[in-house]
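Common to both upcoming complexes is subunit A, partnered first by subunit B, then by subunit C.
Take a look at the complex of A and B:
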């Protein structure tokens, strides 16, 4: 098969680009520890979320020094907590989010960051997030979830460590 | 002699397919205009924000399911008959698949449009991804299934024509355009199995109340098993045009027939085992399978990179035949005043930009920054919305005169139409990409929230909103110009002067005899493609169904 010399060069450059992309992502995962949303959040009966031990009274709790867990329920058209009361966490902390849905598919995105997950009924999305500085973040549901989808949003308040008096 | 005289049966079918696809394009495009004005808050008088999602469902289904599938069915009917030099094997069979697809379209459209009428207890506000447990009326799913089954039968007629040709031409290489159609359809058969199982096994029985629940993750996964190859089902016909017609319109011929075949084989192999890259953010799917999908996705860049080379090289060859010289000076010797050429070339150029944003999407970690933001529709309006749609419009300027035997009317309008599309899409898409980086979500009627402050990474939010609104409006105007040209041509009288296009496609500079024969043995490629799919999908699908096909299950939520 005849391949023009220029085309061979182009092909080699293309393969180099592809291998380079895969290498950077691999480095991100192995070297920098960038984790994906995975299957380790487990499953849940979506019709019984309100009876679940972790999600019946969702919110933030401390589990260690600078270590917190936040359980969040997404439902048409609010985050519980998040929408009517903000999710409050202290600065300089690592928060593991557990997010699930009691009705349809939702999204959970801390705006402008890579904290972003699908919220699928029956599944618990688990994400570890590091909060360094005090500031306020917006949360949006970024998957269509019904006629009121555009109203589904919330807030995370990262408060100074010394002012922290417990989560939402 | 024009195509319409040589292939009267095929011409009827192609005309019918193009007719339906253009109606869908017009209505879907009008819905797009409503969205562009509504979500940017320029004008919200067309529909309420709750009905915005009915419009959005219509936009998606009419454009990416109806417009594309009908246009491709017509284009492939032309490509196979013309390159095999045989009319369609059976007009009855042709009308059968056409009617199935048309009835399917009517059912799905009825379910969607009924969403505007509160007194009718029927709706399908589920968008074109129809994620369970949001539920549409059963006729929506039945309609979608009919469109797909119709396209399967259409595919069978292309194969039947090829088998007939083979008996008459033993030992000959499959003509390039037919080879492209065959590889595309094989990929389509393999990939549509996923959505067919999703709809027929799960969603139709569930919407009829025969089963009470479905597993939203399993149905999503089946959707995305189909949802990425479908984008290649849109792109490969555009590639067919770029490889076989664009070089001729440039004044030359295709650079390399063997590499064109290799590219299509690579698409057949790699298009399907990549679907999890749409589910990088899905809980319940192990990271390792996301990584496998990413690796396959990155290698899927290769056939597109090869295409970029071959298409540009073929255009340069054509330009030099026209007397073009210099390192870049040859660009000026291309027929930029021929809308069939300019539309296809501009579509290819925009696809290069879309390819770059696609590389970002494919990156497993960086994807988290842009997933479900406005970046994503910004990306696919460059791919399906331009690479496919603008190529389809451009090639219609060349093909519709051949299937009707009528001269192209309103040439002046046709001349500006591709440029207007390119300009409008440049405004809209760049702003959508940047708004996505700022975190503005897609699929929302009112992307402004009391508690959320979006700040642009590059540029301001108001400027982006205005660019999206103006861009969307220009795109709609461009679409109207196209439809006026098509309607005028269709209704013109036949026999007024010579056709200004001719359908002859010159052979490639390097012909099929330069490639090994195994390339035409598509059974081998199908076997490898299925092997790759088993690796990518076997274990995770096994895990998903291990706890029960319908578990963890969700009851229906009316959309």
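Take a look at the complex of A and C:
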């Protein structure tokens, strides 16, 4: 079968493109360290969230130099903390979010970023996020959770390291 | 929306009718419908609150308890009772019954705030009301569901007064220095309403008579100068209408037709400081924020952005047609497209196939030989496709995905 040399050329270019796509995804995962939310967070009894050692008094706590853990409960129609009081973390820190729901499926999305997870009752969503610069971010619930869903939002305040005086 | 509106305005009408009837019949004596007639104007606050019926009179008590998480609004998203009237100095205690999730109690004007929402039964929050007034409050997480309430401190709930006035719009302190203001005169349902300019009041003839009038939408209001008190004019506070320079002549008139509901405050510029001020309330709702105040929320407003968006959608939908028109134009002015040319030639050269008796009419077969293949044309097309792919790829992955600030790293 005769294949025109131009056809050979773009066949090669097409294969190159596919290799390129896979290479970028690999680069993102290995080079940039972009991870997916998985089931590492473990499970929890959704009816006993308020009795759980970590979620009875949710909030931010320091676990190491520049390392923090934020436990957040999503419920109709608020994030605790987040909605009434902002989640406060220092800049130049790595924050591990543990988010769970005590009623229905919610979403947890830091607006304008890829920090986004479904919050499923019974599951704890675990996400490690690095905050470099002081800035205020919004949080929204992006899973329809009831009549007040559109009001379910909160804030994360990334404050300068020197001004940080404990979490929410 | 319209349903709630008509319900609210009907309620307002009923309320005012009841009030007037009580006033007319009972006169100065204590009326049993007093509490009904003196229902405060909540300005639409309770439009979406299912468990609001009327203001519960708890005046004269030292402590009043309100249940947080009462049944209502399709669940346990209510305050029980939604509206209470208390005496000044009363301590109001909100008590959580533990139902309906986490609640809190936050005053609309920030007077009190129970803090973060909590779900635990037995939680209490208390606030002592010293100042008279209407305090609206809500539960932050469930406000949209209708979890709203109000505490009315003081007023004519004690049972001693004759049926109060119909719901008064909130004029702010507009009428605080107007001597002839004594409630809003109800002139709804009339086509033309006359207001005297130069009526007696404010220590002379420096008043509008009546100072405050309620009219139906579409009513023509005629201001008529009686020639007293010097030169007057009629100027709306928000610029809606303006009679121009002040004139003193008796018989001068100025008219304006009110189509939009709302509260229109106006004044006579030369005598404003003396208290020559008035207001026109358009619509039967309870003032500006009442049943039918404000613009319909669902109406589409054609902003330039929206126009641009709609334009591009329409253009996008029309683009195939435009493209075909372009092709038609192009082929028409140049030549017939190449693809159609070989048709006749190929068919003609084909040797006649052995025709079976039942064979159908010969089908013209078109075969594009290698000669018709245009390598440069195809190659340039593919290069364009690849360029689009690469640009989108770089944008999607490197700009949109990796370039979006903090990301999940574990």
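The criterion applied here is as follows: the second predicted complex is superposed on the first by the 148 of 168 C-alpha atoms of A that agree within 3 Å, B and C clash if a C-alpha of one lies under 4 Å from a C-alpha of the other, contacts with A are read in each partner's own complex, and residues count from 1 in each chain.
Throughout what follows, contacts are C-beta pairs under 8 Å (C-beta built on N, C-alpha and C of every residue); 3 or more make two chains touch, one makes a residue touch a chain.
Since this is a predicted model, take the numbers as computed values, not measurements.
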Subunit B and subunit C placed together on subunit A: clash or fit? clash
What is the contact status of A:114 with respect to subunit B (first) and subunit C (second): first, second, both, or neither?
both
- Touched partner set for A:47, first subunit B, second subunit C, both or neither: first
For A:63, is the partner it touches subunit B (first), subunit C (second), both, or none of the two (neither)? neither
Chosen between subunit B and subunit C, the partner touching more subunit A residues is B
Exercise for review: Considering only touches as defined above, state whether A:130 meets subunit B (first), subunit C (second), both or neither.
Suggested key: second
Using the touch definition from the top, say if A:23 reaches subunit B (first), subunit C (second), both or neither. neither
According to the stated criteria, A:12 is in contact with first (subunit B), second (subunit C), both, or neither; which is it? neither
Per the contact definition in the header, classify A:85: touching subunit B only (first), subunit C only (second), both, or neither. second
Ask   = A:143 contacts which: subunit B (first), subunit C (second), both, neither?
value = first
After superposition on chain A, the stretch of subunit B among 6-14, 24-32 or 42-50 that runs into subunit C is 42-50
The shared contact residues of subunit A with subunit B and subunit C are 4, 6, 10, 14, 17, 21, 24-25, 28, 34-37, 76, 103, 112-116, 147-148, 150-151
Contacts from subunit A onto subunit B in the complex sit at residues 1-4, 6-7, 10-11, 14-15, 17-18, 21-22, 24-25, 28-29, 34-39, 41, 43-47, 76, 103-105, 107, 109, 111-126, 138-151, 153-155
Listed in rising order, subunit C residues that touch subunit A in their complex are 74, 101-102, 104, 115-117, 119-120, 140-145, 373, 375, 378-379, 382-383, 386, 389-390, 393, 397-398, 401-402, 404-410
Within their complex, subunit A touches subunit C through residues 4, 6, 9-10, 13-14, 17, 20-21, 24-25, 28, 32-37, 50, 75-78, 80-81, 83-85, 94, 96, 103, 110, 112-116, 127-132, 147-148, 150-152
Seen from subunit B, its contact residues with subunit A in the complex are 49-50, 52-53, 56, 125, 127, 131, 133-134, 215-217, 220, 255-256, 258-259, 279-287, 290-291, 294-295, 298-299, 301-302, 305-306, 309-310, 313, 359, 362-366, 368-369, 371-373, 438-439, 441-447, 449-455, 510, 514-516, 543, 547, 551-555, 557, 559
